[in-house]
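Note that the chains are named A, B and C in the order they appear, and that numbering of residues resets to 1 at the start of each chain.
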Amino acid sequence: MLPFSQFDRDGRLRHLITLDGLTSDQVRELLDRAQAFLRPTGETPARSRALDGVTVANIFTEPSTRTRSSFELAARRLGADVLNLEIQLSSRVKGETVLDTIYTLQSMAVDVFIVRDAEPGVGQFVAEHVHDHVSVLSAGEAHLSHPTQGLLDALTILQYKGGFRDLVVAVVGDVRHSRVARSAYQVFSALEVGELRLVAPDALMPDAGEMPGTKRFDSIEAGIAHADVVMMLRIQKERMADAAIPDPHDYHARWGLTKARLKLARPEAIVMHPGPMNREIEIASDVADGPHSVIRQQVTNGVAVRMAVLETVISNRRRRQDA
Amino acid sequence: MLPFSQFDRDGRLRHLITLDGLTSDQVRELLDRAQAFLRPTGETPARSRALDGVTVANIFTEPSTRTRSSFELAARRLGADVLNLEIQLSSRVKGETVLDTIYTLQSMAVDVFIVRDAEPGVGQFVAEHVHDHVSVLSAGEAHLSHPTQGLLDALTILQYKGGFRDLVVAVVGDVRHSRVARSAYQVFSALEVGELRLVAPDALMPDAGEMPGTKRFDSIEAGIAHADVVMMLRIQKERMADAAIPDPHDYHARWGLTKARLKLARPEAIVMHPGPMNREIEIASDVADGPHSVIRQQVTNGVAVRMAVLETVISNRRRRQDA
Amino acid sequence: MLPFSQFDRDGRLRHLITLDGLTSDQVRELLDRAQAFLRPTGETPARSRALDGVTVANIFTEPSTRTRSSFELAARRLGADVLNLEIQLSSRVKGETVLDTIYTLQSMAVDVFIVRDAEPGVGQFVAEHVHDHVSVLSAGEAHLSHPTQGLLDALTILQYKGGFRDLVVAVVGDVRHSRVARSAYQVFSALEVGELRLVAPDALMPDAGEMPGTKRFDSIEAGIAHADVVMMLRIQKERMADAAIPDPHDYHARWGLTKARLKLARPEAIVMHPGPMNREIEIASDVADGPHSVIRQQVTNGVAVRMAVLETVISNRRRRQDA
């Protein structure tokens, strides 16, 4: 078997499991497509018939998440039929029944699988086994990958900063356990962000070899100084103990993004967060809702990016089928 | 901040959180619109493209309720995209995360939030914070309000009785804890129902100051005598104890609507119930299914009323945007 | 009241609760229609507007099953609105509230109820009470009936074998508790399958009087010898004890379909399974995925058969209404 590739034999995107290995051009083409799907607030969202006759299965482990809704709306606004399934695929890996579930849905003419799973490898495993005409999109894989999140983060920065090369971007918080940070690292590497900083307590910093080319900071004050972009990460309570931080209050005191700290960044810095936020823990409410925050724009961009990815893999499939 | 209003600056309906304060004209316009959506049994239900491109989020705390289905079908038959979300908003009020959930969905271009919640104030709280172009519709708020239920009750009475001013309407059962009764009170006040009676054991009667202008009865026999409309309410088992009623059997004996008791009402009286019914508790089965019952018509009217409200708030929004 | 019939007064199919009593012509017409809905793998699935304006309620007891998805896609590809409801109807039979649920949905203009229930009789009970224009389709009834499964099994055999009269079909496993086996028996009787064998341990064999005309085998080796079609059934762990089989491993050893055993069947035999499979229990993985397996085709046929049934009952309804 060939090593797994997200690209078809013509080098066009077929699956999106990771941003690792995408070129700057490939990323920029997706961002351009996504940008074209944006409309001013209050206007009817962009719609097309690009996914007419296409069936998308949203396989999630929880009944209602923001990411599930974002993918569902993206697919429907392109004209697809969407099947929402609450299945924990990884619990089925034993006995290969994960594949039986996928083969069953594929036999019902599901064309795109959107997969979120807490275990690593499920998305790729599925992608390696489906028919040629079927695509698999990750909606979050363990601590490893959340590619559409990385794309929406890049699109947001592009909108507010116009480019990437001269920027200082600080990723702050539990970088170690964050798929958001890993996908950000990958997309920012492709786009050659000027300076990428990892800002975290030692215990929440990735292993030494990971994410080469970044600068590491163990204080938020130093880490966000003169930054153009401050990306806050969600902290799980159970991770605080790893960093010997007794409670959320203490985490906020030491690592929370407050108005005072934000003054250390560039005056026109933007503040990002993948959501859902722990207000008054990793981020102060007046920062989350303040003039530097672009957090809601990230959500809007999320739908656009997912539309772009869906449209891309389906149009690439049609090219394969026409060839 | 201005005091909360359901109406936009031109006085047109934008949200529907309560029927309190609606004028007779406003109610009648909604009922007229609803009536226009009705079709004979077995015919294709009315459909339109009035909500094309509109996204409706149905936020419910239970997976499948009649009200959720009714709103979902109403929105879909008008061409909307519907997102079903099982979220308990009130449990999120802490830390303002209820607003984060709403802002997230709003950023995905959700135009209408349909909100049911067991805690008071959630609908208004959401309505006070969304964008100008977004509407919030209550699908049931604690014991306080269920405005589309009030409208469908009024529409049902209008269909069978032709008007409101000469009618005697008896609301029977646990009035104290009933949002159905409160919305009925509000709509019947706007429509100037001839005589509105509250019929309940003392312990299940609202406080003395509430619902002025009604007549109170502590026996069902006296309360429904010569009534044109008998609206039965659902009784929760745990409320019977409040009224010193030992069990459902005893509740039926003292407060259930039986065929014999119904003879005390006008010969052409109609019997209503918001559902789901406790058969042989608050209502005898032969009454529920008998010739006076209009309970199924209420359900049919529910879809029509919800279509009317959705169409109204979206057409009012378009007028604001065109102005 | 007349005895229950699935057919309308003109003898056309209105409900599908059981395959019992369907004629060969009726079955073949459904199979023909289903066949017309099939498309080559990777092509856009067949779609039509035959169910435009029709509302289908999918009433299931579990959030996500293959059968629910199959019916949902079938209905949507015909243009219907689909309401997914997680309700356990049988738990509501007390107090007739099953009917209240149905009447409520019917009053919202639901046209087709798709009902799966673990208790016998629910589908027919519902069918006996709905309006003339409403249809009820079983999606699995206790151990008794799974009519669309029977039809998809027949369609699969027809595709691979071209007919039924000269075939030896072996149904293997827990026949006693299987609705799949009962519907297969009924459809194969209508289609006059050459020889139908029941192959099961004594304790998992139906009572002596049931399924007349079949041949019974208490060893898999004898039962599948020279068979054209081997239909494996899913075994529940709790049923193994009934047959004094200590564990899944032992079940596989005695009753599992292995590559070695499959050699006893005809060289061109096909292997079927209704799914979900217990791999390495009733069926070896290399058989499930091997060249004789038509298991995925069964799933594909399932959508087509459900489209055929939906289209049939709705077109028959239109004929009744036009008459």
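Here, contacts are C-beta pairs under 8 Å (C-beta built on N, C-alpha and C of every residue); 3 or more make two chains touch, one makes a residue touch a chain.
Quick caveat, the model's predicted, so the values are computed rather than measured.
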item	value
Fitting subunit A to subunit C on CA atoms, where both chains share a sequence, rotation angle to nearest 5 degrees	120
Equivalent interface positions on subunit A and subunit B, same or different at half	different
Centroid distance [mean C-alpha coordinates] between subunit B and subunit A, Å	41
Per-residue multi-chain contacts in subunit B, two or more chains	63
Touch list for subunit C against partner subunit A, complex	39, 41-42, 44-45, 47, 63-64, 66, 69-70, 72-73, 76-77, 275-280, 285, 296-297, 299-300, 302-303
Contact set on subunit A toward subunit C in their complex	53-55, 63, 81, 83-87, 95-97, 100-101, 103-109, 131-133, 321
